[in-house]
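Think of it as A, B, C and D in the order they're written, each chain with its own count starting at 1.
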Amino acid sequence: MSHMSNFDFATSFNNTSFPNPIFTASGCAGSGKELSQFFPLNEIGAIVTKSIMVKARSGRPTPRMAETPSGMLNSIGLQGPGIDQFLAEDIPFLIKAGSRIIVSIAGESVDDYGSLARRLRGVPGLSAVEVNISCPNVESRGQVFACDPIASRAVVEVVRRTLGGELPIIVKLSPDVTDIVAIAGEVISAGADGLALINTLLGMVIDIDLMRPKLGGKTGGLSGPAIRPIAVRAIYQVHQAFPKVPILGMGGVTNGRDALELVLAGASGVSIGTATFGNPSALMSVKEELKSLLIARGFSSFKDAVGHAHRSENE
Amino acid sequence: MSHMSNFDFATSFNNTSFPNPIFTASGCAGSGKELSQFFPLNEIGAIVTKSIMVKARSGRPTPRMAETPSGMLNSIGLQGPGIDQFLAEDIPFLIKAGSRIIVSIAGESVDDYGSLARRLRGVPGLSAVEVNISCPNVESRGQVFACDPIASRAVVEVVRRTLGGELPIIVKLSPDVTDIVAIAGEVISAGADGLALINTLLGMVIDIDLMRPKLGGKTGGLSGPAIRPIAVRAIYQVHQAFPKVPILGMGGVTNGRDALELVLAGASGVSIGTATFGNPSALMSVKEELKSLLIARGFSSFKDAVGHAHRSENE
Amino acid sequence: MNINRRAQQRSVEIVSNKKIGAYHHMVFAVGDMALHALPGNFVAISVGGPGSSMVLRRAFAIYRTHDRGNYGGTLELVVAPHGQGSRWLTALPMHATVDMVGPLGTNFGIPTEPVNALLVGGGYGSAPLFGLAELLKENGCRVDMVLGASSAGKIYAPLEGKRAVNSMTVTTDDGSAGTKGQVISVLPGLIERYNIEIIYSCGPMPMLAAVQEVAQKFGIIHQCAVEEAMACGIGVCMTCVIPLRDANGEIRMSRSCIDGPVMDGANVIWNSKGEIPKGTVGEPHV
Amino acid sequence: MNINRRAQQRSVEIVSNKKIGAYHHMVFAVGDMALHALPGNFVAISVGGPGSSMVLRRAFAIYRTHDRGNYGGTLELVVAPHGQGSRWLTALPMHATVDMVGPLGTNFGIPTEPVNALLVGGGYGSAPLFGLAELLKENGCRVDMVLGASSAGKIYAPLEGKRAVNSMTVTTDDGSAGTKGQVISVLPGLIERYNIEIIYSCGPMPMLAAVQEVAQKFGIIHQCAVEEAMACGIGVCMTCVIPLRDANGEIRMSRSCIDGPVMDGANVIWNSKGEIPKGTVGEPHV
């Protein structure tokens, strides 16, 4: 067991380091407060806050969820209080709880992202910014930024320019694209320090009694174990193309074995989303299980395992 | 129960009609022979044969499958005997069994599809041709035809031109694209009579003991209930854009309720793939269950239910 | 935001599981979780066991609790075998264990002075009302109850529960028990006869909306326990929202798992399913 | 293609489930499915129950069958609780039912004349060999058996099985039972001592490959039951292929669920996992 205490579980994105690689997934941990009664927030790598927009937003009508085989659809529609109230209320709580904080931002236009980055400049206590570009761009007939290389680039450029070198920028990509490696390349060259993979996949459930789409918003985002093979594939492909760019992996992780899969594929950190709904202490158990599995495989440091599945055949 | 006997279960693609809308999914029913010991093949709408290529093909190395939450990955790699042996052996068996036949074809180049269409011209006993364009195009650095609107169009044009108006052409699309409606539009304008939605999604599983991708081919296609919400969404979107083009729906259908979801979204026929692996008689039970569900909802004909989830709010 | 600070997650044992009419009455050995539960609170249970395709918990209103007994603290639920999750749960044998989080959510408020209370339950919505009735009685209130359901088998009203209230009225849609019709039809008469000062309700959303209409007409306070589809039950997912007027009069999409399930019926914007009510904070701009 | 025309799909009841060493010996009431099974055949069972996230069947070699008894026809399996599917199966209580398809696949060929046969089993791979031994004995053969596993608990060799063979040799990697080492090390000695004319084997693929090497060295016929990951078990998915030389000498990727599991060891292209052997029909052009 002395071996265990020597294990180096730390990870880093750019120059920011985290004591362990287990994070919440944006939109799946409330403001942090709600989870804090199940475990101390400083036990995990960081809280990734739910994507915040410039103004308050009501989100989509209900029903907002539908369970699907080994997954769920959600159509929350980015409900939130807007950046001002968020900075005034949620951030101070998290700082007081000793939590590391990654703020997720979302906009409806390139300018929105610029405004959000401006508001974050100089806010003390932040570890990184996650840029959620899986949002409809109102200036482009509602096309999702993440599905358009040019719009993706524009968003990342404005955030980079506005924030300066202050905070690592992690850009969160959508799997609903023909070529995720190409989008990754665009945002990296536009200044992303890291990538978050993957956001939900667009899906739909039809209520066979009402004979209409079940969700108020008709379509929703598919998450949970069902999508894990897609996440592993996306992480593997992107890590293969850009081995030096750290990836925050997510998609269907419910236990340490799942987390290990993402890490071996190339994830430097693992976010837990839907699993928390089924198990409020999932983050804690994933963390402990991942550590044991890595130690059992002879790793002395977490970082050595990142992307290990890419080693050549004769290694 | 007199009501039941009046129910019109027939469906049609173009001018070809089928006694019921339940079909096998390509690659999930062997040559038909293997299933025929579990039910008479003429009980279903049609057998969709596994995608056949110009020449014999060994497929990918093993392991070729990995079970995933509510789904599976396969990397068969289109193993098959080639069109000549297929026409000489498999087709006569199916005709003798009284089965309706939809032949699925796959190529590595636009020319391949032309050659295949030429070989099918005049073959008696065929009901339709399904064109599987989820194959790497060797002339375009292995990019999958279905992910490239121009290549998709070229394939459909050559098949249309070669076959003439003889047989309905159903083009099978990949969900791994940014805009499936755009691809659908291309192939429809190139001459497709119908669409098959959806093929598998690209995924990967990593063996956490070997710490390498589990499949011999590294990546594989994700199928099964896990992907049903993606299939429903794709069918809904495409039916909304092209309400007159019949859709053969597939993706995770295991029972009548699942099939009904696809039908309400806009499918004129439903293919059963992975479910047959778990239950050799799945096609029979889906057929019976779908019929009962439709009758219970007051439909007197299957066709009335197709796309019913699209009706306006006040209907 | 009203996080229920008493919530715990624990593995609990089934110590009784009996079919009663259309429902299963289930008892769980929950230790000191029983101490902390108040009428109106709910629990969230993992369903399906290892290898299940169901990733979300199911929420159940707490029927009642006992601090101590043969099994230590116990907690009771009334479960309708409806879909895959509840059918799995109700099929479990004695001594099986399930993962439970609770108590969750808000509870029914108890008046500081004795009043005349009417408790209105629809289907399994009667469950949390019996514990509430006891508490109200202890506080010196007069408690009348009306339960409605589609048919007799779906009325959950155990004998000791019936005895605990001053009067019990039953309605069924098909007339197989009590008055034929819906609970709403008998409310005005009961309110007048018993001089009702507060209404507590639990049941399907359309019933709650209708009760609020009656309560408003009579100018009576109405506390209701709502039921919106919940993915997490602990406030982290934002799926379970309903439009609620806050203290400042602003309408916000509020989480029924944290700011509910018990809410003041007058604050809920009813019949808004399928759209965001006009004037809601952050409503979509068109 | 060798479709097993006797295959049926039916719901079968568990009539016994006993832990024996590292395995579970399970007996199913299968009706006339028992009549049609031959040594080497397997069955495919749905796992996880309703709401399961496991969509594929699990294949199990048939240990033995009885045409008639208290429960009518019965079929027995030896199951290692390994992953989620087999753990679910072995945890089932008496009288639970499972959906079974069988008998599937090819069977061990029985020589037309009495010969000296050596049966080689690895781990639960011994299961189908006992029924085979009986059949060979009935046909006048001498039957010797060698079983190997990592440790004693993983040797499945019931007493009546041991009695049915002329000699039984056991090897374990850790020496906890029988000879320390792998089965391969004792094969040459046994072949010479008993004048072996045919080898039958069942177990992990590397063991089968090694047995084939020995068989070839001695010029002995070798029938083996292979185990490749199977999605369907009925020949419709093409996942379970292994490279096999056919009657014309051509190598084809052949389905181990239909052209196997029992194959002539000399026809299998061994140690090709991870690639398509050169010369295979339709091999990838580079």
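One rule holds for everything that comes next: contacts are C-beta pairs under 8 Å (C-beta built on N, C-alpha and C of every residue); 3 or more make two chains touch, one makes a residue touch a chain.
In UniProt terms, the chains line up like this: A, B, C, D = Unannotated protein.
Just so it is clear, the structure is predicted and the values come from calculations on it, not from any experiment.
**Q** Consider the two chain pairs B-D and A-D; indicate the one with the greater count of contacting C-beta pairs.
**A** Higher contact count goes to B-D.
**Q** Find the geometric centre of each of chain B and chain C from their Cα atoms only, then give the gap between the two centres in Å, rounded to an integer.
**A** Distance between chain centres: 46 Å.
**Q** Measure off the straight-line distance from the CA centroid of chain B to the CA centroid of chain D, and report it in whole Å.
**A** Those two chain centres are 35 Å apart.
**Q** As a quick test, compute the distance in whole Å between the mean CA positions of chain C and chain D.
**A** Those two chain centres are 55 Å apart.
**Q** Among all residues of chain D, which ones touch two or more of the remaining chains?
**A** Residues 53-54.
**Q** Check each residue of chain A and list the ones that touch at least two other chains.
**A** 69-71, 224-225
**Q** Linking chains that touch, what shape results: line, ring, star, complete or other?
**A** Per interface graph, the chains form a complete graph.
**Q** Under the stated contact criterion, what part of chain B meets chain A in this complex?
**A** Checking each residue of chain B against chain A gives 66, 68-71, 73, 147, 176-179, 201-206, 208, 211-213, 219-220, 222, 224-230, 232-233, 236, 252, 257, 260-261, 264-265, 293, 297, 308-309.
**Q** Mind listing the chain D positions that touch chain A in their complex?
**A** Within the complex, chain D contacts chain A at residues 53.
**Q** Can you list the chain D residues touching chain B in their complex?
**A** Checking each residue of chain D against chain B gives 1, 3, 5, 7, 9, 46, 53-57, 99, 101, 228-229, 231-232, 234-242, 252-253, 258, 272-276, 280-284.
**Q** In their shared complex, at which residues does chain C touch chain D?
**A** Touching chain D: residues 48, 50-54, 84-85, 88 of chain C.
**Q** Mind pulling up the chain A residues that touch chain C in the complex?
**A** Residues 27-30, 33-35, 37-38, 50, 55-65, 67, 69-72, 74, 76, 79-82, 216, 224-225, 254, 274-281 of chain A touch chain C in their complex.
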